[in-house]
Every structure is written in structure tokens, then in C-alpha cells.
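What follows is a set of structures for review.
Shared between the two complexes below is subunit A, which pairs with subunit B and subunit C, respectively.
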Partner chain A sequence: MSTALATRGPAASPLAPSGASRPKGRHSRRRLVPQWFLVPALVLYTIVVVYPSIAGGLYAFTDWRGGNEVTFTGLENFRKLLADQAAVASLRNTLLIAVSLTVVQSGLGLLLALALNSAIRARNVLRTLFFAPMMMPPVIVGLLWQYIYTPDGPLDTALEALGLGTVVQSWLGSSSVALWSVIASVIWHHVGMSMVIFLAGLQGIPDELYEAASIDGASPLRKFFSITWPLLGQAITIATALTMTSSLKLFDQVFIMTGGGPGVSTQTLSLIMYREAFVYGEYGYGSAIALVLTMIVAFIVFVQMSITRRGEVEA
Partner chain B sequence: MLASLRRRTAALASAGLAVALMAGCSTTGAQEPETDPSTGSQETTAELSGTLTLATSSDLGPKLFIDDFTAETGVEVQGTYAEAGALGEQIRIQVTSGTAPDLFRSAPGFAAPSSVLNLANEGALRDLSDQPWAQYVPESFSRLQSVDGETYAFPTYGQAMLAFYNKDVFEEVGVEPPTTWSEFIEIMDELKAAGKVPIALGLADNYIMQFLPFALAGTLVDGLEPDFYEKLDAGETSFVESEGWRKTFELFVGLVEDGYTTPDPLGMPGDPAMQSVASGDAAIVVMPSAASPVLAGLMTGGEDRMGSFAIPATDDASETIVPFTPDYLVVNADAKNGDAALAFLEYISTPERASQWAAEVGAIPALTNAEPIDNDVNRTMQPFLSSGQVAPFSNHGWPGGQVAGALMEVGQQVVEGSKSIDDLLAAMDAAYQEAMQ
Partner chain C sequence: MIPITIAYLFPLYIMVSMSFKTGGEIAASTVAPPQSLYLGNYETAWVSADLGRAMLNSLLVTAVSITIAVLIGAMAAYAIVRGNRRTSTVKLMAFLLGMMIPGQLGMVPLYMLMRDAGLLQTHASLIIYYVGSLMPMTVFLYTGFLKTQSPTFEEAAKIDGAGWWKAFFHVVFPLLRPVTGTVIIINTINTWNDFLTPLLYLAGTPNRTLPVAVFSFQGEFASEWGLIFAGMMIAALPVLVVYFFLQKHVIQGFAGGLKG
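Now for the complex of A and B:
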């Protein structure tokens, strides 16, 4: 873009003498000016993002424990990771969280968006209400839901009042239930974001398409699958990619609500990465976990985006 | 509910402090100070100047003395205060990068990457053995702050692992604080019969998994197997072979299985558990004394209605050992104003000031010559401190956080019933060996 502007500038000038040509050196210096403005940002980006990322990646191949002694250990940290039962359980939990959050949160977000894209009178109030939890910090959401799940707490009381006392159980104290309890709280927190993305997608679909379909006698279901779903392709790609990325990195709510327990039942890769580096001082091993997590996130999101982009259709 | 959340947030901050406690510029010159024979303290005759950089977990203690210290010495104190866990992470990085403050808070032993012994072994701390207050450091702290017989930390104050109870509940049921295990079980039965939860236990916050076992291990391990850690380090014994640790977990799990604790302790977070004692639904909560001001604040009658006692683990009251552990200040080996740092420690080490600092943060004075504080926790602890029946929190002597991690992780599974005490002890052995590498 900067090149185009620099080229167009002189040609468009009414003061430029006919047939006159500028010296080449001066011309190319002027072309470079916009690029020099990028230098401070690039230097800052290199210092704050590029260098730490590369250094972190390199530490993954060392036994660094925070001091000044660093020894290159090759793939030792990765061998340790594969043999670490807690890490394997964490990987399983992380993938389970990512898949279930992506499917359920995106599904619920789409349903909410479809409902609130209609002409119901309270739609603006409801949109605000469903989006409101997104404004809360994850730590507060974690504390709130830990309180809701307390034995004989608000959830148990509500269920019993509804005659569903048999459903009551140890929401955070049972290994088989705790992970799902955490996932439910994350969905409550983030479903508003998915809803907003789908709403934006729905509002970009021209009404004329629905009107034409109505004239042709299409049913609501037919309209959804033939018009809405294909034209929501970009929104689906964005919503699922964002959900997948954030759920693979999930930390705050797990850390606050269960600390990874009971046992290892809610541990995630982010949680053990934090624990190894900042609690145990195993910065090298923590960096190895971070590197593996980054690669997993990059791979899964790449595959997921490749699939969803195939279904994208321009309106 | 909002009020409850606010209370819980405040309690979380305090509990965080308790957990962290568990885990855990310019130049000048100085002349030789003179020692006061009555207190061991030295009059600061040194010529000091410049700025002293200080980082601790709370400004409550330092702010008592900073102005007077500055007036007396001319040294400006530049304080940084942060939650203990976050401060420890920050200090670890600063030490490596050479930007750590002159004087900073450090956790005991090897509990965290920025703990005293980890930093001392790296040569990052100044040897404080020749300081006048060093003679008043309790003997039980030596393995938390000494390397090759040299001391590297100043114990600012201490905290104990005690049982805190609601006096109204005890009076209503007609029970007294126990001194033996049999008496303890008797009052458990009476409290339970009266419809009270005898012990509030919130294991959904996994760090609480350590409290009751540590309280029991003081007597059963440090008291009855005093050479356990020496033998463990020498490879002559293990957690699996330790009668003390096995008994500790048997008693703990027995309390849960016999219904003496909160029903579904794994589903109950720590703060609501503490609140149940304040409300009178439960009678006792076991926790570090640093968290006791939060409980006192929740109780209708405040501090006056909260009592404390040492948890017995045998039927011989004289065998009871109370876990008592320090919070430290250490001097950066590369301090830009090291003389001012030493002078500040000397300034706060007088019997009166050491006591004032501890009282301000709701703790127990750590130096043996400090003036006693007249409150419930200090009255409970005084006989044990006087007779030396104290031992550090178990995890502070362990070579890394991995052992406590194993205790919390597998301990929860033992409570849930999916693992055995043997599994737990084996996991602690494996973690200990891993941390030793």
C-alpha cells in the first residue's frame, strides 16, 4: 500500500512539469519513509514477543531452574513429559475441554443468536444479559461458580426446590463430575461471545434471500440449511477458532475452582505448565510443556480452520 | 450473596497469604556497630545513606518503623509490597537478572523457587551469621535457613498450625480443648451428637489438604521420629517406611471416614468451611495462625469468641509438637545498599520491635528474645515455644514443591477412596526423589 501511494503521488501532482522525471535516488528514499515509521513497532514487537518466544522455545531443551546455570538436555524434557502420568491426564482433559467447549458453546451461541436475531421485543435486553458474563474477569467467575457448586449451596438448593433432589451431587468433589462442572461454568462465561459473532454473521445475510425463498415456498428448516448455514461460514470459522484456542489454554477457572483436583481429574496442560515453572521452579520443563501446548493449539486450530473454511460462502 | 463473595475474596487473599507462607539504590559504607549486651542488638553508629530497596508481602510491619529508621539513619526506604506468591515469582526472576531489591521476603527452606535455601545455594544471599540477632533464632528454624552452619535469613515473625474453634459452640456443647488424642475423639463424638460438624474441612481448595496432616505430623514425625529427614536424605528410610507418616494419614483419613469432618470435604472450598465455624454450624477448623484474623473477623463476637489449641496426636500430652514456621527477610548478596539492609534488620530485631511487627500482622514473634504478645494464639503457643516443642511445617523441610504437590494430589484421591495411603506415601517418595535431583 505504501508503495502504491508513493508511486501515485508524483504522477497525480498538477505541478509536476510535463515530461520531467525525478532523480531515482530521491524517489526511492521517499518510498522508504513510510517503512521507517514501522521500525519502532517492529523493534518493540521483537523485544516483547519474538525474543521471549524464541528464548522460551530454547529453554524447553534445557534443565533451567531459574538460576544462572543452564544445561542443554536435548529431548529429555519431552521424554519426561511423555512418561508423566499427570501430564498425559492433563492432555486428555485439555482435549476433552476443547472439543466439548467448541461444540456446546458454539451450538448454544448459534441458538441464542438465531433466537435474538428475530423480532422479539426484548431482544436488546436479552443480548446484553447473555453477553454480560463476558465482562467479568475469569477469576471472579471461578469464585462465583465455586460458591454456586458448594454442597447445599445455591445450585443444590435450586434443584431441590424444583424437585430434582436426586440430581444433586458433589459438583467439584467427584472426579467424574468436576471437569463437567468446570466446563459448564466456562460455557456460561463465554457463550455470549459466540452469540455476538453469530449475530454479526446473521445480520450480514441479505433479507432478499429469505424473501425469495419464502416466495418459493421454502420451510424455515430449509431456509436455515440452504441460506443461513452456508452464509454463516465465516462466523462459524471465527467463533469455533476463538473457542478452540481459548479452551486449549484454559487456566484461570480451573485454577480457582479446583486447582486441578480432585486428584488429577481437572488438570490441564496450562495448569501443570504453571505448576512446574512457578511452583516447582522447573522452568525448563515448564517451557517444554508450553512448547508442546503451542504446537497442539497451532495444529488443531489449523486443521479446524481448514475444515470450516471449506464451507464458507460469500453472501 | 455479594457480601458473601466479598468475604470470600478477602478470605481468599488471606488464605493465599497462608499458603504462600507455607510454600513461601544506592551505595553507602558503614562502621562496626556496638553490641548492647542485654538485647544482643547493636546501636547503629554506622554512617549510612542512600536508599534501601525493600520488598515484602505486606506493608503492615515495615510501615511501623520506616519513618523512624529513616530519621535515625538518613536512609530512605523504598518499599514494594505484593501478595507473597506473586512476590516470590517476581523475586526469582529479579535475582536471576540482577535486579532484586536489597532486602526482600523469602519463604523458608526449599518451599518455593525463591525460598531461602534455593537462593542461598546459588550464592544469591548474604551470610547473616555474624549479625547480633542471629543468637536469638530458634534452633528449630536452623534447617530452614542454614547452609553449612551459616544462617541466611532473618525470621520476621512466625505462624503456627493450630486448631481454631468457636467458643460459643464449645460452651453450648460443654466441651473443653483437648490435650490428648483420646480427649480429641471424645469431643468429636460430643460435638457430632449435638448436631455440629466437629471439624470444618474444605478440600476443594487443594492446599488445605496439607493442614491437618501437618498438624499431626508435628508430633508423629518430628516428635517421635526426629531423625526421619536425616535418614531420608541419606537414603536409609522412606515415607512408605515411616510409621509416623503412615499414622498421620491413618488418623487423618479416620477423621474423615468416621464423619468428624464436613460431609463431602472434596466439594467444599476452604472459605465456606471457615465460615461454617464462624456461624456455629461447625466447631473447629485447622489452619495456619496467619489466617486466624480472617476467622475472627467473620465471627459475631470477633476475636474474643475464637479459641485455639494444639492438635494432639497421641495420648501423652507432653509429646505434642506444634508446627511453627517463620516468615523471612533476606539480604541480596549483590545488594546496592547492603549495609543499610543489615542496619534495618538490626533495627527491627529488638525485643520490642520484633514483637510489634508480629502483633501488627497477627502473628507470633519469632526471635526467642522478643516480647510475648497477649492474645489467644500467642497464649496457646507460649508453653510450646518456651519448652521448644515446635517443629517447622513439614513441607518447608522438603527439597521442593513436588512433595507437597503429591500430597495434595494423591491425598485428595485417598479421601475420595480411589487411592490408598500406601499409594500416597509412595507418591511422596517419588516426588521427594525427583525434587532431590
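Now for the complex of A and C:
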């Protein structure tokens, strides 16, 4: 590589200084930063991310339970997963959480961004406020909402005070409601993130477009669908992909609030992966569950990237 | 907008008010404001859950992890952007791949690695974990910024005879300051608030971080919600206070940083 550079270097760049102080004309065109600058980051990244991920991907095809014996069992773990009711429920719940969180949180985030972007006096205060829960540890948010949902707790009391006593129910104790209660608390925690991404997108749209549309007599609805929505494409892709990948991995809040219950009604892939691996010591099976999760996340990222690329071509 | 704001504030109000209520007040009503600013919950939580120690642990782990991550992440970005152009994309992609892989996949092997190295229950295990797992985001942010900067200053420094290390430290790193702010903000919040890994590595030891300490505290005082809420406030307040002072930078950091 260095010889190739040395042979064509001087001819290609006559302006490059070629003093005798430089060793053997190595950096004829551009002085390249020595690659040992990369080493510390690469070493730690390899130890913490690359090696464990590859090893985890391999364990997924074994029956490893922590001892010295590891047997390659092919697709046995995945067959087991499909026959395991808790695992199937957790796969279904994980997808349900990801889709509903993405749709509702992005929708709410967009509405908030639109409301704050139009000249409301309290805009900065409200923006700060709606983003604030993002700063809180998920564990704390989980504990807070667990308390809010307790029978006769804050939510029930507030609903009764508003004359909505009839909707009161066992928010975390009923297997048909618990998942939605958890989803609502996560939306409260994260909607500020979606809002902030949309606000940044909205602020990138030039005012002249709206002014021109107003002169042409366009209605607010028409302006939204003809200007705002198409120009927000990038922000929508980022916000939805971010929400979807993070909600697929959702762990802390569910672990704290329901532990997966009642029954398997709020069980997620992250939760059963943790339980199988670190409570039952089923390292092989736990890794297989993690591999399934990885595949789903990789698929979402792939879809997002192809959408983004298409958008860039159009723009 | 007003009803939505009130509904949004309600959980925050519950969190603050509960931490100042006596057991009797909580039994009387879960939503009524406290009669007076009762600080007993904070005293008990601070002392009996040893939250002071947990807070020092969190501070130490976060500060050391972020400092190392910033330094070696910036170095890596420098090597990628100002190194061989033909291989720079491959090197960057190798780091970015880490952003797509859920931590769950490597969780078991990494745990075993830490156990075999005798690092479990120490801060070192957590710091190594954070620095390594923060690399994709850190390198991503630094390379994105460095690509937009002209190499003029660095080259001038090199012509003046400065070594690579000196050029990096005195010229490149200071130039990166705007994005270093974003890197610190995003990484600090993710590190300070993290739960599962410190639970796996440090649970049951005096080295545990704040989220883990509050979690075990809740297990211990299952129904004493006043105490639990005081503990929760202690864990959430440091970041929230910094946030309210720097809110503009934090929000811009998140919105701009993730957009790339």
C-alpha cells in the first residue's frame, strides 16, 4: 500500500512538500494519522460488544447451561422456543409493544411538536417539561407508575374526582389491561424524545413555503399534507425507527412494574431472556431468545435504512 | 394544551408530593399535597439504604466511563477520518454495527468474561462495559463532526513539527468541543440511568449504583411508599437539576445528535 502511494504520489501532487525531513516519502499526498489512535477504542469495543455478540450468537445453537459441557444442538433451541408458551407470548407482546408504542408515541409526539411549534407563548417551558421524564432512570419511572396504578391509588382517585369512576380497574392486575398500562407509562417517559425530533424537523422547514401557500389560499390542513408532512419525512423515519428499536428491547419498566405478569400477559423477549439465562442458568436457550430479538431489530434497521436512502434519492 | 399538560404533570406531582408525606398522610390520601415539608423520608432513605454511597458509586462510574469514552472515541474518530480514505468507511461501519446489536445478545458471554476475569462486583467491570458499549455512539458523533472540519489547523500543527499526539491533544481535541458537549450529555444520561447491567454485576454489594440501590430499597420497604419516593427523588434529581440548567443544550444534543 505504501509503495503504491510512493510511486504515484509525487507526480500526482506536485504541491505536496517533499522535504528530506519526512521518512522515505511515505506520506507523499497526505499525512495519514497513525492507526494506533484507533487501538484503545477498538480493543474495548471488541471485548464488550464484538466478541460477546459473536459468542452469544454461537451459544444460541447449543444447550450450554454454564458447565464445561457445551453440545451443539442445531435449531433445537428455536424449536423449543416455538413450543414454549411463555416465549411465544413474549414474542407476540414484544411486537405488540413495538408497533403500538411506535404509532401512539410518534403520533402524540408529532401533535405536541405541532402545538409547540405554532407560536405558543409557553413554548420553551412546555418543551422543557415534556422532555424532562427522558432524564429519569427507567427504574424510577417504573416504580412511580407502579404506585400510580395501585388500586385506590393516585390514578383511581383522580379518575373518581373527574367523575370517571366507572373506568377504574385493576390496571396492572388484569391480564387484558396490564400490557396497555405499561405501554402508557413508557409513552409518558419517552414521548418527549419523539416531540424533540419532530420539533427539529419542523424548524428546518422554511417559512417562505407556508407564506407562499397562504398567498395561494391553501387551508391549514392542505398546508400540513402538502408541505409539513412530506418535508418531515426524515424526522418521521428517525423518530419511528428509534422508538421501535428501543421498545423492542424494553426491559426495566416491565421488570419493575409487572415482572411479566399477570400470567404471561406482559412477558417480553428481553424479560424471558434475562430469566432463562440469569435465573435458570439456561445460557444456550437465553442466547437463542436474544438472537431472535437481534434478528427483529436488524430487520427494522434494514427497513429504516432503505426508506431513508430512497428518501434521499427523491429529495 | 392545558389538559394535556396537567395530565403530563400529574405523575411528577405525585413523585414530589409523596416524598414529603408522612405515613399517616399517605394512608389518608394518595393525591392530597403534604401538610408540611416533612423531611423524615429523605433522612431515613439516605441513611438506611446507604444512598450516599450509591450516589458516589454512580458519580465515580459515570465520570470515569465518560472521560475515557470521550478521549478514546475522539482518538478513534481522528484515525478514521484522517486516516486512509479507502478503509475509513469500513472502520466506521464496524463501529456502527454495534448500535444495531441489542445488548442482550452479548449479555451472557460478557458476564462470563467479567466473572472469569474476577471483575464482577467491582466498579472496573461496569466502567469497561460502559466505555466499550458507548463506543458506537461516540465514534459516530465524532466522525460526523470531524468530516465537516477542514484539516488545515492539524496540518499546520504537523508542519510546525508537533507529534501526532500533541497535534491531537492541542489542536484536534479542542476543535471537537461542540460535539464533545453532545457526546457527554447523551452518554452521561444513558450511563447514570442504566439498570440491568449494574444489577447483574453489582447487586448486593456496597458498590451498587443508584438505580440498583433504589430497586433493592423498594424490595426491602415494600409498602413504605414515602421512603421509596424519597429514594426515587434522590436518584432522579441530580440529572434533572443539571437538565433544568442546561435544558437547551440537552434537548439540542439529543435532537441533533441522533439525527447525525
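To be clear about the criterion, the second predicted complex is superposed on the first by the 264 of 315 C-alpha atoms of A that agree within 3 Å, B and C clash if a C-alpha of one lies under 4 Å from a C-alpha of the other, contacts with A are read in each partner's own complex, and residues count from 1 in each chain.
In this section, a residue touches a chain if its C-beta (ideal position, glycine included) is under 8 Å from a C-beta of that chain, and two chains touch if they have at least 3 such contacts.
Since the structure is predicted, the reported quantities are computational estimates derived from the model, not experimental observations.
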Fit or clash - subunit C, subunit B, common subunit A: clash
Which of subunit B and subunit C A:Ser170 touches, first, second, both or neither: first
Which superposed partner A:Leu143 touches (first subunit B, second subunit C, both, neither): both
Subunit B versus subunit C as contact partner of A:Thr258, first or second or both or neither: first
Touched partner set for A:Leu91, first subunit B, second subunit C, both or neither: neither
Touching partner for A:Val297 - first (subunit B), second (subunit C), both, neither: second
First (subunit B), second (subunit C), both or neither touched by A:Pro34: second
Contact breadth on subunit A, by residue count: subunit C or subunit B: C
Touching partner for A:Leu199 - first (subunit B), second (subunit C), both, neither: second
Partner chain in contact with A:Phe278 - subunit B first, subunit C second, else both or neither: both
Part of subunit C, among the options 115-123, 151-159 or 169-177, whose backbone runs into subunit B after overlay: 115-123
Where subunit A meets both subunit C and subunit B, residue numbers: 143-144, 147, 150, 153-154, 278
Parts of subunit B lying in touch with subunit A, wherever the complex brings them together: 1, 4-5, 8-9, 12, 23, 89, 92-93, 95-96, 112-113, 118, 122, 124, 203-207, 262-269, 272, 400-402, 405, 408-410, 412-413, 415-416, 418-419, 435
Contact set on subunit A toward subunit C in their complex: 1, 17, 31-38, 40-42, 44-53, 55-57, 59, 112, 115, 120, 126-140, 143-145, 147-148, 150, 152-154, 157-158, 188, 193, 196-197, 199-200, 234-235, 238, 242, 245, 248-249, 251-252, 255-256, 269-270, 273-274, 277-278, 283, 286-287, 289-291, 293-294, 297-298, 301
Residues of subunit C that touch subunit A when the two form their complex: 1, 4-5, 8-12, 14-15, 18, 29-31, 72-73, 75-76, 78-80, 82-84, 91, 95, 98, 100-111, 113, 128-129, 131-133, 135-136, 139, 155, 158-159, 164, 168, 189, 192-196, 200, 210-211, 214-215, 218, 225, 228-229, 232, 235-236, 239-240, 243-244, 247, 250-251, 254-256, 258-259
Subunit B partner contacts - residues on subunit A that touch it in the complex: 65-68, 86, 143-144, 146-147, 149-151, 153-154, 170-175, 257-264, 275, 278-281
